[in-house]
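Let me begin by handing over the structure; questions about it come next.
Labels run A, B, C, D and E following the written order; every chain starts at residue 1.
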């Protein structure tokens, strides 16, 4: 029998379905983390490609090639960003079986769909991040002879990363919540579990309260961990002087007269 | 009778339900645009509050007040970002009727939920944007005596805005797609319309193909419009010299000897 | 009255982590004073200026402005800053504004002047530094020297009580330096108090009433320019000035 | 062999929109030359250097490097740039790297040197500009002059064929200027070709083999320093140098 | 009736019965673009709802003298809506179970559904005659239904996939070949066979090889807020007058006018 009170029912559901909730949450997190990670990689790659400079001096071949690549990337971003993930999942999972007789595993489809979607969003995020880095940095990198990819990998993206860390946090959290649309291909994650519990007892308010708290815990922990990472990336506030003679060298480092004497 | 072919069925559905699809799309866009706009406003306000500097010299009252405000903002962001919008909509719309007997209108609830959610995401986005603006800009603004709010409004946010425009585009697109969870409170937007059509004819692939194309058109148009806006915000590449005597002043503007003679 | 100190710095210290950048700085400035600060690169000159403006919070010591310690609690720092102008070593022009807007925004928002009034004043000072034709240019469209001049005009347009200059002529050619110097001299005559960090020894010698030589985060000498340049007491000062005097 | 031109600029022009910043620039540089470019603020000196490095694409004209026009198609620009070093007016140190890393990253990634080798070379040049103790500092933790010295060391560590300096001593005190000058003089003796934009007339006079005076985007005079400084032909030049000669 | 001032006033005093349903589950309830066959406008939308549930709602309102308002809601919000009083009742093919009766009140059944199995007509299980013949089948059904929770486990060695969230989604899984059989009720099955001509409907009812379920479990009812006995009694009073044959007749009509049959 269901208890009379709201909290009583919540406890009852937790007792009955606690492990289902936990396994649902586990599935949610696996997909969200893997998807976000791969999505970020994709986003960075697209970001690098989208910013390849073309110059009127470049050869026609290079211009066409780069233009084509950029076009493909733009299509990718607009298409996957622009259509609902649920529909994509359905088409990819069921459509591939129906049309091409490919028997994709449910999990593969899930990782694939989430990564490719996150990648499309991240591509735009990375574009914003690259915009936010001072142009002088690119110029300096180019001036020492770095190619576009070297410039991006060594100078621009590490700096952009810092500015888009909050957004990566957003994307992870969006993924944690949006994996629920994967129930269409049979992934039983936290939200679908909740619906099941709610529908069995018609305890919608109670079950969704549990889900809400669980989602909150998951996202909160993730967002705090990312903040920690962000702080860590900032690096130390202060630096150590690379000298043994600290007293003499503390600040002004008025040391060059000494060097003169060496001559 | 339903036609035999895939495309035939799509045409048939469009004939039958074309206006339903359009009105669904209209609802989707209204909620997404209003929600994104209000969400951005909220995000900027939270961003301003979250960056209020506190100094150990500040009075205890100010410190507590600011600390409290920041805490509230952090709670807001973590809570609304961290829990599914569908559950929030359910609790706000039905819960308010159930617990407090408030009869909120469906549309008010829709705008409210979407704005408040977008605001929570935007708050983090804006934080990233503020991080991306060179600290020297803040210092210069402070050095001429601007308060924190003035600094943010006049100097930092206008520059941050440029870097987060791609992200605002992302958020608008997310909203266009995520309003679908509002079917929980009875908003018949594009996705719910599609489900209705799919459920009437059991034509899942066909209906969702239509939905996908419509979503794509909506998001694509929005993303291109935002790009245009972004370009417009960049301002002119070149400036005009504020002088009538263009020939003499073209570049080096070697004009100061003249001034000397004036003396 | 006039002999009352406008700024009085006592035992000021500043550390970044374990790196003690300023130590026990003591000096004071009277209204109308022109004080130059010289010293080797990294000796803490910019940090000192930034402390005076509260852009860095001093680790120890106090900064008295007309007798109130502005490092203490309950001081309205923005208001204080609106009376203390600053020209940054790296200019820090507002990137989102034209040269003109850079010079008016503070007047309009902080001093609550009308737009017309602010523009008139801004144009006046931009003209003085030879930047009138460039009022519509954004900072990234300006050359180094042009940026520096806009930065000077921006600070002047606020018409503060004290002006802190951090190497205000580093990107300018000798001709332009002369122009800017004249503007500054005029201002000094009108009673503006200035503290100027500079590497131009001739400038320090000719313009200032007093020269502070810093090294290793401490004030080594603080004397009138004539004495300091002709008869430096400390070995460090002597060594530092040798190149200049040989030139 | 040695008399072959290393760089030959012909009819170079550059416009930003309607603003013609450089007009019909012609000059050439032979191996080992030290060329100084002087001129008023905004006359196009930085733009010229940036064109030489292809950071700005010239609107018209050509730049021949050992006979090949690098503004033409099919030139490997990154490779060309690795042979042409540049010290920027505003330093542009890599913000995400320490001073040491700033000086090694190019050697490792572009010149494919080993990390040890690169660090040895970087330390050598950092030492020369007195920045050895600061190898672990990030750019934002450095003072203006310190940043400038790291920027110089970064460019030197690449050991390029030609070095373009854009006001390399603007943030340095006279003492440090002397130090840097000596380093540069040594390099000149070793055959390094340099083009130096500077506002320090004494520097231009004493160091260079040839001085180019620019104004309004054109080369007004291009002569050995002695002649230019003692006997300027053009009125503009005379006027520009008057302040320096009076000093 | 409308148009006269007097009846307008009366109409305002007349009670409106707010009925919630998904409007996306033919032949129980579906969305259509016009009011043909007597479809009822959906509240706050330009579309119309019809189907067995709507016919039943209309009948009830006629009998009780209520005005009818159809509210289109997502499946997951039907219960919160009725619990919170945003709607008066839910007529949406909800199965009556003892678990659910603790949270809402159900009327008497308003339809007696029989259980059928759908397979592909060219598939391995096209000729199954009983549940036993389905041995080893890969199957699924809708979430939170008697079909998924108690029918599928009766199949020997069945490979039961995760439950599907809706009937159309379940059919897509069968059509695409991700599963070999789905279990659902007769009306849904019949509609599905129209939409997917390559489906075959297997009906084991009346034979020994049928799924074993209690009668109580397969019946669908109308749900109202817990404790709303006034409305519950009124609804029951209408249903009491109807027989199983009335239901069957209504369902036949619904099936004949459902969009798929046109």
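The rule is simple: a contact is a pair of C-beta atoms (placed from the backbone, for glycine too) under 8 Å apart; a residue touches a chain by one contact, two chains touch by 3 or more.
Just so we're clear, the structure is a prediction, and the values are computed from it rather than from any experiment.
Any chain that touches chain A and also touches chain C is listed here: B, D. Taking the definition of touch as given, a chain qualifies here only if it contacts chain A and chain B alike; those chains are C, D, E. For the copy pair chain C and chain D, the superposing rotation over Cα atoms measures out at 180 degrees to the nearest 5. Between the chain pairs B-E and B-D, more C-beta pairs are in contact across B-E. Computed from the mean C-alpha positions, the centre of chain C lies at a distance of 80 Å from the centre of chain E. Between the Cα centres of chain B and chain D there is a gap of 45 Å.
Averaged Cα coordinates give chain B a centre that lies 42 Å from the centre of chain C.
Each of residues 90, 94-95, 98, 134, 162, 204-205, 238-241, 253, 256 in chain B touches at least two other chains. The set of chain D residues touching two or more other chains comprises 16, 39-40, 42, 90, 141, 175-176, 239-240.
Among all residues of chain E, those that touch two or more other chains are 76-77, 80, 83, 169, 172.
Applying the touch definition to every pair of chains gives A-B, A-C, A-D, A-E, B-C, B-D, B-E, C-D. On the side of chain B, the complex with chain A involves touching residues 78-79, 81-85, 87, 90-91, 94-95, 98, 121, 124-125, 127-129, 131-134, 162-167, 169-170, 173-174, 177, 180, 191, 204-205, 208, 211-212, 215-216, 218-220, 223. Chain B contributes residues 1-2, 16-17, 19-20, 23, 86, 90, 93-95, 97-98, 106, 183-186, 188, 192-193, 195-205 to its touches with chain E in the complex. Across the interface of their complex, chain C is touched by residues 16, 38-42, 45-47, 89-90, 141-146, 149, 166-167, 170-178, 199, 201-202, 239-240, 242-244, 247 of chain D.
Residue ranges on chain B touching chain D, taken from their complex, read 135, 236-241, 250-254, 256-257. Within the complex, the chain B residues that touch chain C are 55-59, 134, 136-137, 139-147, 150, 154-155, 158-159, 162, 235, 238-243, 249, 253, 255-256, 259.
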